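Look for chain A in each of the two complexes below; its partner is chain B in the first and chain C in the second.
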Partner chain A sequence: MKRGFWILAAIIVLLLPWVGNNYFIRLATIMMLYCVLALSWNFIGGLTGYPSFATAAFFGLGAYAGAISQGQGVPMYLAWVIGAALAAIFATGLGLAILRLRGHYFAIASLVVADVLREIVNSTTNLTGGGMGLNLPVLKLGVDAQAKLFYYCMFGIALLTIFTAAYVMRRPLGFGLGCIKQNEDAANIIGINATIFKTIAFSLSAVFVGGAGAFYASWVNYIEPGDVFDILFAIKPIVMVLLGGAGTVSGPIIGAIVFLILEELVWRNFLTFHAGVLGLIVVFLIFYLPDGILDLNYRRWFGWRKN
Partner chain B sequence: MLAAVLSRRRSLSEHISMLYLQVLLNGLVLGGLYACIAAGFSLVWGVLNVINILHGTFIVIGSYAAYFAYVYFDIHPLVSIPIAAVILFFIGYALQSGVINKVVAAPVLTTLTLTFGLDLFLNNLLIVAFKADYRKVTLENPLGVLSLSGITVPIDRLAAMALALLLTGLLFWVLDASRVGRAIVAVRMDREAAALMGVKVKKIYALTFAIGAVMAGAAGSLMSLIYPISPLNSGIFLGKAFIICVLGGLGSVPGVMVGGLALGVVESFGALAFGPEHAVTLSFIILILFLLFRPTGIMGKRGFQ
Partner chain C sequence: MNPILQLESVTRKFGGLTALDEVSFQINPGEIVGLIGPNGAGKTTLVNLVTAVYGVTRGRIFFDGQRIDGLKSHEISRKGIARTFQIVQPFPKMTVCENVAAGALFAGGAKSVNEAKEQALEHLHFVGLADLASHSAAALTLANRKRLELAKSLAMKPKLLLLDEVNAGLTNVEINKALALIRSLAERGITILIIEHLMKVVLALCSRVVVLHHGQLIAEGAATDVVRNPRVIEAYLGAHFVNQRQKEN
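What follows is the complex of A and B.
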C-alpha cells in the first residue's frame, strides 16, 4: 500500500505540467527544490544530529560553479554536475575540519561559511561579477517548453535525492549515523569510525544542494551573491525537516510540501511582513509541533485506534 | 648629500610608524565598542547556553532609541543610554520569561532555531516600522578632534570607547559583587546546586537575558555615533559578537574585552593590508581557525568570577 501511494504520487507529479498552468509548474518546481534541500539537510541534521547551517554555502557555491562554467561554454547539464561535485568536495574538506566541533561551536562555524563565501564572491569581481551578479546564457526554447524542461529536470534531481536518502537509511551507514546522533563517544567505542561517517553525511548534505544551486542558476538566468548565499536557504530546510519529522525520508518531503504551501499563502497575504510571519510559524512549530507532522496522533482525532 | 638621503629615509620610516600607530589607535577605539557589543551575547551564551540570534536586532533597537532621542529631544547619544537600556530590559525580560525559558534546556538546534524565528519577526517589525533606510546621527556640535603629534582621533569616538569599556567593566562588577550577579554566576556553575540553595533559576535566566539585552542596547546607543542605523545591519553585529566570543573565550567579561580589542585591531590592520573589502572575510577565517585550534580563546576557558 505504501508503495502504491508513492507510485500514485509520482504519476501525479509526472502528469502535472500537462494539467496546470505555468504558475503551478513553477510552484511545483520550487516544491521539489525544497524537497532536495530538506532531504539533504536531513543527512547531517536529522540523521547525525549535527546542527548544520551550511546549506546556504553549498547552494551558493553550486550556483556560482554552475553559472561560471556555463559562462565558459560548458553544457547546462554538465554544469549542474560540476556544481554538485564542487559542493561535495568543498563539504568533504570543510567537514574534516569543522565536524570535530560539537553543539554551538559547530553551529556557528557552519553558519559563517556562507558569509565567508559571499564576501569572497563579492570581492572577486573578475570571475564572479561581484555585487553586479552574473547573467547566464538564455535557452533557445519557448516559455512553456522551458518551464516543463526545468520541472522534469528538478523532478529527476529530487528522485535521485529521495532514492539516496532511502538507500542510506537501510545501509549500515544510516545505522551508524543514528548511533552518532545518540552518543558519539559510544559509537566510537563500538567500532563506528565517527569521523568518516560524519564526513560522508556532510558531503551527502552538500552534493544535491550544490546540484540544485547550479540548477537554480540556469533556471532563473541571473544570480547575485546576496540571493544565492541567503541565510534563509540554511534556515528553511531546518524548518521543513522539523515540520515534517526528522530522521525519516517521508518527513522532510511532507515538511517541504507543507512549508511551501504556508510560504506561498504568507507571501500572498503579507507582502511586507512575510519574514515576520515565517518567524512566528517557526516559534509556533517549536512549541506545538516539536516532533513534526509525522508524529501527530491523527488517528485519535477521527476516533480511530492507533495501532 | 648622503645625510640628506638618510634624513629623508628616516622621515619616511617615521611616517610609516605614525601610520601604524594611527591604525592601532583606530583599532583599539573600535575594539572597545566591540567589547560592549559582545558582552551581553557572551553572558547569555555562557549562562543560558543559548546562542542569541536576536542580539544583533537588540543592538539596532538601541541605535534607534539613541537616534530618536537625539532627533526629537536633542539628547546626546552618550547620555541617552539609559533610555535604550530600559526599553531593552523589558523586551529581554519578556522574551526570556515568556518564550525562551520554555525550551531553554532543549538541544542546540531547538533554541537556535527559536531565536532565529524570533529574530525574523522582530527584525521584520523594525523594517516595517522604520523602513530599511540607513539613518545616521549627525552631531550638531561635535566635540572636535584630539590631535597628538600627528595622530588624530575624534573626541566623540574616544568618549564612546571609554564609556563602552566602562559599561563592560560595570557588568563585571555587577557579576562579581552584587547579589543578583553572584546568583547568575552560581546558576552558570551548577544549575541544580543553585536551585537547591534557593536561587530561582528561571527568574535568574530571565534577568540574565534582560541584562544581555541591556548591554546590547547600550552598545547600540554608542554605535549610533559611528555606524549608520538600519535593521539590515543586525547580521553584521551578530557576526562580530560570534567572533569576539570565540577569540576571547566564552563566558567571561575579561575574555570579551580582550576579544573585542583584538578584533578591532585585526580588522584595522587587515583593512590596511588587504583592503577594507576583505576585512570581514579575514575576521571570519580567524574565527574558524580559532574554533579549530584554540576553542577556549586567547584567555583560555574561565567562568565569570
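What follows is the complex of A and C.
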C-alpha cells in the first residue's frame, strides 16, 4: 500500500510536465527544490537535534561555485557537482569548528556564516561580480524544453536526497544521530564518536543544498549575493520540517509541499501582507501541531498499518 | 596477575578545589571492588575520570596494560569499560530495546541495527526487562530504569563495569534482586567497581573496598576490616564518635 503510494506519486511527477503549463512546471520545480532543502536540514536539525541556520550559506556557496565554474567553461552538470562538493567540504570544516557548541550557541554561530560569505562575495568583485551579480551562459534551448529539462534534473536531485535520507536512517549512522539528539553525553559513553557523527550529518545537510544552489544558478541564469544568501533559504526548510514532522523521510517532503501551497495561496491572495499571514499560519501550526502533520493519524485514513 | 585497571597518582582539580588528590589503586581481573566514602568524597569524579567525562589534571590511568587517560569517552567504551550513571541516562524517546541496541551497535560489535536489536533482547532477558522491550524508556519505573542502564552497559560487552550507585532509591526487595543480578554479572567474568552507600550491599558483594575522603584514598582492604578502620569511621561519623567508641571499649 505504502509502496504503491510512492510509485503513484513518482508517476504523477514524471508525467506532470506533459500536462501542466510552464507555471505549474516552475512551481513543481520549486516544490522539489524545497524538498531537497527540507530533507537536507532534517539530517542536522531533525535527526541530530542541532538547529542549523547554515542552509542559506551552503545554498549560496553552491550557487556561486557553480556559476563561477560555468563562467570558466565547465559543463553545467559538472558545475552542479562542484557546487555540491564544495558545500560538503566547507560544511566539514565548519562543522568541526562550530558543532562543539550546543543549542542556541550553535544556532547563532551557524546563522552568521551566510552573512560572512555574502560579504566575502560582495567584496571579491573580480571573481564574483560583487553586488552587480553574475550572469550565467544561456542554454541553447527553447523555453518549454528548458523548463522540462530543469524540472527533471531537479527531480533527480530530489530523488537522490530522498534515497540518501532513507538509507542513512536505516543504518547505524542514523541510529547514532538519534542517540546524540536525545542525550549526547550518554551517546559518547556507549561508544558513539559524536564529533564524527555530527560532522557527517552536517556535511549531508550541505551536499545536496550546494548542488541545488548550483542548479538554481543555472536555472535562473543570474544570481546576486542578496538573492542566494537570503536568510529565508535557512528559515524556510526549518519551518517545512517542523510542519511535516522532524526526523523522518516523509515529514520534510510533506512539509515542503504544504509549505509551498500555503506560500503560493497566501502570496496570491494577500499581496501586501503575505509574509505576515504566512507567519501567522506557521505560528498556528506549530502551536496546534507541534510534532508536525505526520503526527495526525493519517495512517488510519489510508488504511496503513503502523510498522 | 596484571591489574585490569590501575590508577597512578590520579589528581583532578576544579579551579581551587582538589576533587581527587594523588589517588592510586588497582583492580584485578574478576574482582568486585567497592568504592565508598561520604558525600563529596570524589567517588563519581573518579568514575568520570576513568570514562573520560573529565580529563585528569595529573597522574596516569591504565586499562589492561594500556594507558587510557587522554583518550575520548567513546574510545574508552570500545576498549571495554562500561558504566552506569547515578542519575540514569536513558534515550527517552527510544524503546527499551533500542536503548540497549545502541550499546550493542556502537561498542558491543553488532554489525547492523537488526543484529544489535537481537542482541539487546538477550540482555533484556538477562536483567528481566524482556517484557518491556517495546515500551518507551521514559515510561519505566526507577528500578527498571536502573536495570535498563545495566542492560545497556552489558550490551557493550565490557571487561570492566563501573556501577555508580545502582541501588540508590530502590526498595529492599529491589535491592536483593539487584544484588543477585550483579553477582551473576561477576560470574560472567566481568570485573566490577561499584560505588555504593549501603554497607549491606558492600559487605555482601565486595571482596575488597577502597575508601575515599575529601578526594584522598584513606583506606583499602577487605570489606570487614575497612568498616572497623578508625579513619573510615571518622570520615563517616566524625572524630568525636571515634573517641567515644574508644572510651567505651
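Convention: the second predicted complex is superposed on the first by the 296 of 307 C-alpha atoms of A that agree within 3 Å, B and C clash if a C-alpha of one lies under 4 Å from a C-alpha of the other, contacts with A are read in each partner's own complex, and residues count from 1 in each chain.
The criterion applied here is as follows: contacts are C-beta pairs under 8 Å (C-beta built on N, C-alpha and C of every residue); 3 or more make two chains touch, one makes a residue touch a chain.
None of these values were measured; they are calculated from a predicted model.
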Margin query: Which chain, chain B or chain C, ends up touching more residues of chain A in the combined arrangement?
Written below: B
Check: Who does A:283 touch here: chain B (first), chain C (second), both, or neither?
Finding: first
Next item on the list: Based on the superposed arrangement, let me know which partner A:182 touches: chain B (first), chain C (second), both, or neither?
Entry: second
Note to self: Touch test for A:141: chain B only (first), chain C only (second), both, or neither?
What the structure shows: neither
Next item on the list: Identify the partner contact of A:170: answer first if only chain B is touched, second if only chain C is, both if each is, neither if none is.
Entry: second
Notebook entry, point to check: Touching A:235 in the superposition: chain B (first), chain C (second), both, neither?
Noted result: first
Checklist line | Contacts of A:272 with chain B and chain C, given as first, second, both or neither | finding: first
Notebook entry, point to check: Between chain B (first) and chain C (second), which does A:8 come into contact with in this model arrangement: first, second, both, or neither?
Noted result: neither
Check: Touching chain B and also chain C: which chain A residues?
Finding: none
Item checked: Of chain C, residues touching chain A in the complex -> 51, 53, 72-74, 77-78, 83, 85, 89-94, 98, 101-103, 105-107, 112-113, 152, 156
Margin query: Residue numbers of chain A touching chain B in their complex, please.
Written below: 45, 51, 97-98, 100-101, 103-105, 107-109, 111-113, 115-116, 119-120, 122-123, 231, 235, 238-239, 242, 272-276, 278-283, 286-287, 290
Note to self: Per the contact definition, I'd like the list of chain B residues that touch chain A in the complex.
What the structure shows: 45, 49, 51, 99, 102-103, 107-110, 112-114, 116-125, 127-128, 235, 239, 242, 246, 277-278, 280-281, 284-285, 287-288, 291-292, 295
Item checked: Contacting residues of chain A [partner chain C, same complex] -> 170-172, 175-176, 178-179, 182-183, 185-194
